[in-house]
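Okay, here's the structure, questions in a sec.
Chains: A, B and C, in written order; residue numbering restarts at 1 for each.
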Amino acid sequence: MIEVGNLEVSFGEGAAVIRAVRGISFEVAAGETFGLVGESGSGKSTVLRALSGLNPNWSGAMHVDGQALGKRRSKAFHKLVQMVFQDPYGSLHPRHTVDRVLAEPLAIHGMVDVDRRIETALVEVGLGPAFRFRYPHQLSGGQRQRVAIARALILEPKVLLLDEPTSSLDVSVQAEILNLLQRLKRERGLTFILVTHNLAVVAHMCDRLAVMNAGRIVEEMDVAELRRGEASEAYTRQLFNASLGYNRARARELITFE
Amino acid sequence: MTQLRAWLTADTPVSRNHARAIQAYLSWRALASNPLTMIGLLIVVALVVFATLAPMLAPQSPVAQDLTQRFIAPGTQYLFGTDEFGRDILSRILYGARVTLYIVVLVAVTAAPVGLLVGTVSGYFGGWVDAALMRITDIFLAFPRLILALAFVSALGPGIENAVLAIALTAWPPYARIARAETLTIRTSDFIAAARLQGASGFRIVVGHVVPLCSSSLIVRVTLDMAGVILTAAGLGFLGLGAQPPLAEWGAMVSSGRRYLLDYWWVATIPGLAIFVVSLGFNLLGDGLRDVLDPKSS
Amino acid sequence: MSQPLLSVEGLEVRFHTPKGIVEAVRGIGFEVGREKLGIVGESGSGKTMTGRSVLRLIRPPGEVRAKRMVFDGNDLEAIDEVAMREIRGRRIAMVMQDPKFSLNPVMKVGDQIAEAYLVHRKVGAEQARKRTLDMLAAVKIRDPARVYDLYPHEVSGGMGQRVMMAMMLIPEPDLLIADEPTSALDVTVSMQVLAILDDLVTQRGMGLMFISHDLNLVASFCDRVIIMYAGRIVETCKASELKQAKHPYTQGLLASLPRIDRPVGELSVLSRDPAWRDGPVVVDGKMVG
């Protein structure tokens, strides 16, 4: 479904250029959930932004559903690939009602049957029609994230890019959102790319994952290998150990990888 | 009444208009909770009412001269007294409100939208669009307001329209700057990214997403600026470059009354007070609006 | 636990809002000794307000009341603002979640730390600088002399949090209130920061109130844990026994966490029982009230 080959993304120009992503390649099969794991600055979110079309400063080759991607994306691409952002407080326009948030993508793509689609989308993400005319400030973080998911799915895409979708939510709400995403994926046969720093979330959601550090993929592995802690790279092992909780002896052995 | 209130404070709006009505009601309640703002609003509403109803409210014609009735002190016969031509000052103040309102409205409807459009387009699209628009803004920003007004008046002749033109031409660049600065922070936000990922065009994003967020701080700024506009207009009138006699304009009234200030204080003082009260009104209202509308303060 | 450092009884924090009174903290009591006390809860549980109320950092319309709030023999309820200022910073310090917002952007980080020292100690500028460099080294900053001259925007998140910690720790406080000090940090950096805090508690005998939403982290890092729900403490236990928590809320939270080692088909979702708001609470495994 998704092929990324030798992707490079840089910011800035000349001497101040920062190579955020340094030639990475991966493939994601249809219906798969692929995790991109790393710490801040590893380039994992940058990959997602290049793939989605938000950042045009990339080189390499990207294909989605057999189509090669250019710098500018067509409307058809946006109907195929949608994204959910990390911060539910920042990803909804503060002056738009839920209704307007959901109606806008339908208007852009000239889709008919607006009322029915909006109400169905709200029911599907577990909110119901009562939320239709509320403003974001009348919603909790979890409810906002559900609206953001509804907005992404209302165009009936095949691919959903998830950028840390639960990292700013409480753990009990995180469980609800992860369950919702799993259910929608099953029902609609979606393909996910999930970017996160949380290995437990990756272990729960993904089939395969790639660990990124400093713009490169350090290691690609199967989720079963992750669960058993069978990482072949020292960086992944360190990340894995740190995720298990605080340990006085281990904290002293931590090193910085470049 | 209680039904209406329940409808306006409902947690679950049932339609688009209901949601809007609730928002408007909540903003209104926040605005109404500040007494100073309400005083400001009252003054501005009074200005509008007096200006529209001036022909009905004024006891006399603002231009009718009666040299037998010169310099009558404020009292029961003439509430605000009469001026050097025996004209009723109250009537002139009421008609002067029309001129003031005319200037204020004209500046607001020309300068604010231009500033908003230039600022948001410049901020959102960036690159050469931004560079070009901002240099134009800089050029206009460099014009001294009164000197420009003088130039217009000498080229086109004195009159309110030319004064307004000069004020509007120098008023929009600060609005463009404000709108651009806000747009720069808005355009990197996730909800703009989300709109782009839905395939929204640049035009749709600027008009539908950026402008609504910039407009509230702009409304605040325009309201606060109105006091300055009134004072500039009065200043031009005072210099004899704005409204021309016998048209009643507060600044021109102060100017002509100045000569008799020592003997007949009311001739200059009353229009001066009118300018003061209306400017204060706009300032109080602007401060209150800032508390309610400015997203940064909430 | 020997002599507690901080002892709080009947703490209430309420906010007067146009819609009525919001009770953020509803009559809680706890003690902190020279130990790592974890305070866990979800957003809105009142954990942050609890930390702030100790330092009297809640502004109107917020209102703090307590039956008893004693820090090392000082009645924090009774003392005036001048005496409070002496305690704040010097004896009790606080580290917040995001260091960038807590640092002055136009002042070198080293000078900010030195100033924190000078406010509380009567020493010369030279000595304050030397002490600052020592402190930067103590929070495991590799090149203290270079970092001293940096401005806040030039330091990374992890380094910023360590700078913040150096600033808070330089007056050698007896109690540190750390509100989500590692939430904005990468997991490996966060481990390093925790190791510094750990050393301060175990070697210098400082008390630590560690406010966090991360159950796993608190279980592995702290000595004792307080679980807050709707402004109340619903469970208190040894950190090592958190996994065997008895209160349904704590159990629900733990169950909703995804696990690395064990796959589950669907995560269990917390269904909130209204009775938790005022119902019985658990203290060291025993139901009370």
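Definition applied: a residue touches a chain if its C-beta (ideal position, glycine included) is under 8 Å from a C-beta of that chain, and two chains touch if they have at least 3 such contacts.
Keep in mind that what you see is a predicted model, and the values were worked out from it rather than measured.
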item	value
A-C or A-B, whichever has more C-beta pairs in contact	A-C
Farthest-lying chain, centroid of Cα atoms versus that of subunit C	B
CA centroid of subunit A to CA centroid of subunit B, Å	47
Separation of subunit A from subunit C, taking each centre as the mean of its C-alpha atoms, in whole Å	31
List of subunit C residues in touch with subunit A within their complex	42-43, 157, 186-192, 194-195, 198, 213, 215-217, 219-221, 252-253, 256-264, 266-270
For the subunit B and subunit A complex, residues of the former touching the latter	11-16, 18-19, 23, 189-191, 193-200, 204, 208-209, 212-213, 295
Contact footprint of subunit B on subunit A as seen in their complex	52-54, 73, 75, 78-79, 81-83, 85-87, 90-97, 99-100, 104-105, 108-109, 130-131, 133-135, 138, 148, 151, 155
Subunit A residues within the subunit C interface of the complex	39-40, 141, 170-176, 178-179, 182, 197-201, 203-205, 226-227, 229, 238-240, 242-248, 250-252, 254
